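Next come two complexes, and both contain chain A; in the first it sits with chain B, in the second with chain C.
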Partner chain A sequence: MKMDRRNFIRMCGLGLLGLGATKADKIFADVTKSKYLRTASLQGKRWAMVIDSRKCNDCDDCVAACHKVHNVPDINKKEQEVKWIWKEGFHGTFPDLGHQYMTEKLEKRLFPILCNHCDNPACVRVCPTKATFKREDGVIMMDYHRCIGCRYCMAGCPYGARSFNFQDPRPYIKNMNNEYPTRTKGVVEKCNFCAELLVKGELPLCVQACKKGAITFGDLNDPASPVRKILENEATIQRKPSLGTYPSVYYIV
Partner chain B sequence: MIEHIFRGSKKYWMWLSFLLIMIAAGFGAYLYQFTYGLTVTGMGRDVSWGLYIGQFTFFVGVAASAVMVVLPYYLHNVKDFGRITVFGEFLAIAAVTMCMLFIVVDLGRPERVLNVLIMATPHSIMFWDMVVLSGYLLLNLLIGWNMLEAEYNAIEPAKWVKNLVYLSIPWAVSIHTVTAFLIAGLPGRHYWLTSIMAARFLASAFASGPSLLILLMLVLKKYTGFKTEEKAIHKLSLIITYAMTISIFFIVLEFFTAFYSQIPTHMHSLEYLFFGLEGHGVLVPFMVIFAVLALVALILLLNPKTRKNQKYLAIACSFVFVSMMIEKGLALIVGGFIPNAFETITEYLPTVTELLITMGIWAIGGLILTVFYKMAIGVKEQTGGAEF
Partner chain C sequence: MYDKKIIIPILAVIVVVLTYPIWSLFGKGAAAPELDLNTPEIQALAEKECIEDTEFMRSNHMELLNEWRIKSVREGTNVYVASDGQEYEMSLQNTCLSCHSNKENFCDSCHSYAEVNPDCWDCHVGGEL
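And now, the complex of A and B:
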């Protein structure tokens, strides 16, 4: 074949297509092997949390402890704030459960809310780069260096648990903790169940910070774990269970 | 063929300069957004997608609608469309390019956009959207260019080009279906969680896209002397009439399911958009305009006397385009986020920066369209393919 301009461009195009095809081939192989359908294993750890809202009072210790250590910025624009754990009223936390004749106590009670580390997480399903992923111990993690900031995970999360860095967060961090990384403008972030402490065998910061002992943390796969004990003895609920996300954070109302 | 782009009247150059000024303004606004982050937009943690994703959705529809001139011509031998298929394909090229730009300007980290391919994730619909959109762009570039080149050389287009045309037909349907799947499968977004989303998207696309094409053909007639046959315009207007009727029917279906079931979460977004909810209703005026324009357009289209009159048809087409641009290009996306995950309401309106960037992307689409159409008309003029 005569190699003129046209044929050259054609060959380039074919080469590119070939490259694409090899990549596609690998992807399809992964799909057929169910590589992307991995769920948390029944062996080993499977982290979960129970929050006893009866013990939770007016303080913000859990929020303060978490946000201080994790360098969560304090942004004054309410609509663009970044938060990993915060408090909502009953109707915000459980919008499908309330009714108009609830006790005043319950109407006024605030519930600490955070990422639910779902067993069937919509955010992981929709993320186009696997920047959000699920570990075998059930923790939903984020790779802030891979996130493209498309905010598809925020549309996917039915709990409003994800925050986007609409601006550079660093100027809004009052006391920088040099032991933990900060994030950059343009990526999504959220609670990580204190994965950096779990690996050292320590409890998450919010659990440690709560003076009332309202937050219990443990291994769902271990029948003797404190979370399993509470789940077996108390009436507990999850947020929006009908959506099939299977949250790992349980509440005692 | 390319030479036609560089030879034009004073009006042509003035139009191009106008577009370039708009692009420069949009680019300036984008630099501002790129520096300070998406904080300069009206979006927030509750309404986390806004005008950009809305416009993206709308223009995927415009791109897909090229199939409405291609399919009748190639599958049903509707000869009247023969001379305008290339205009449909070039419209698709401009629209898909705009879609890609709308995605890029919406990203927090645009420099990492290729992660979508490098870290290919088949369980994300966004990955598939990128695949089908790039594929559609490539298909239309190849088809449009080769078809026009064949016309230029006064020969039959090659067999492989025709085969690509057949491939482009289901491909066009796929781009809008995948775009609907982006939002129609998310737990907790009740307004979007409807199985007729893809059908709604296709119906409204096949109304708004051909409407734009008719308007463009009328503009070409006025400014270039390129005349589209009456018959082709008439056939296109019939397609618009059916598609618009089905679109409005689908919206009625959404209302029925929500309001007869009385399930609050299904009613809330519709209530918010059309009537206002709990004292919030910044989008209500837009939805009123949508409803009025859509109904007037429908009446003008259904009545054969007005449909066959090009003056009224032009009004109907612009009303279809504007009403669908409001419904799909803004309200559908924003409405999905209202009320939010906590059943409270945070409203959204685009900022000036967002509007400028959006305008800039429209201008880029306009520039691509102008240049390609100029080339096509030049070729048709030379080969006598057009009646002047």
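And now, the complex of A and C:
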């Protein structure tokens, strides 16, 4: 066979390409041939929450339940604190809605605030490593294994729902829950809508913890779900709707 | 060759110095780690078997854990069906470490022998606390 130099080099290139293809195939294959299952189906779901602030009073049960189970550290320095769910006054919660002559009751009321699990999340768009991403069921998840601590997501989130670990959180966790991981210095964290419970068909902890039943959780895609029923019958608002993030957490004021 | 008497000894010394890291290891093979399987959970098992067969676990447990992490965190599944049909919750601390609750004498002793330092324990709560 006669082959000139150009053709020889071309053939080499093709050969290398083929080699690369077999390798790539191996990289993307699973090590196991086994199956992975969900206890509860998430197919076609779109999770949302309605918070009836009229029923919410001074207790901190929702915050306590969430922070205890998820090993959220209790850090007193305001600028370094870590929170998944917390409470804020009317003007902090709805900065574009308040006015001078609001009832005193409304002025004093505290609103539970958490990650809004937006339909159009700014944090997901800015994350350079896809550590934060939107699941099919609408939950905005953090993959802590990929977080490099750049804090773009914190700058992107208009709700302040994300906290950065400026130090090792473990010394600030009073009662460690051994069944859930902590985070470490240098990663961002936030509410996960209790994804670890949703997959088992259970409700988020804040919903379970509220003795007044002020928090309702359900599937926005299901017209018969409790959240859709409330949204149909009550006047509900979202936080900062003009930003176009489409939050999944609704409030009754 | 000029100055043979000087150059050859110097070359010999240089060769010895450069290869010191290699031959200094001869005869120093560290003892293979003792793996302690004596935990309450494993004692209670009818068949003393891991999630998959021992050979597979020994060489692939890191890949399995990586796969679990992706399937669990990113794909939202929570149950792993092993090749023998047994179902396991996919969790590093609640599944692996419930059987291997003696992390120091199992995972850690093998890892320090093999000089691997997984950073998982910065976040995942490990073994008996």
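One rule holds for everything that comes next: the second predicted complex is superposed on the first by the 210 of 253 C-alpha atoms of A that agree within 3 Å, B and C clash if a C-alpha of one lies under 4 Å from a C-alpha of the other, contacts with A are read in each partner's own complex, and residues count from 1 in each chain.
Following the convention adopted for this analysis, contacts are C-beta pairs under 8 Å (C-beta built on N, C-alpha and C of every residue); 3 or more make two chains touch, one makes a residue touch a chain.
What you are looking at is a predicted structure, and each value in this text was computed from that prediction instead of being measured.
Looking at the shared chain after the overlay, A:P95 reaches chain B, while chain C stays out of its contact range. In the superposition on chain A, A:K200 makes contact with chain C only, not with chain B.
Looking at the shared chain after the overlay, A:R183 reaches chain C, while chain B stays out of its contact range.
Of the two partner chains placed around the shared chain by superposition, chain B is the only one that A:N165 touches, whereas chain C remains out of contact. With both structures placed on the common chain, the touch criterion links A:D137 to chain C but leaves chain B unconnected.
When chain A is checked against chain B and against chain C, the one touching more of its residues turns out to be B. Taken together, the two structures place residues 30-31, 36 of chain A in contact with chain B in one case and with chain C in the other. Residues 52, 60, 63-64, 67, 69, 71, 73-83, 87, 90, 92-94, 122-125, 129 of chain C are the ones touching chain A in the complex.
Chain A makes touch with chain C in their complex at residues 30-39, 42, 133, 135-137, 141, 143-145, 176, 178-184, 195-196, 199-200. Remark: chain A residues 23, 27, 30-31, 36, 77, 79-81, 88, 91-93, 95-96, 122, 125-131, 146-152, 154-160, 162-168, 185-188, 240, 243-245 touch chain B in the complex. Within the complex formed with chain A, the residues of chain B that make contact are 36-39, 41, 43-46, 48-49, 103, 106-110, 112-113, 115-117, 119-127, 130, 182-183, 186-189, 265, 336-337, 340-344, 346.
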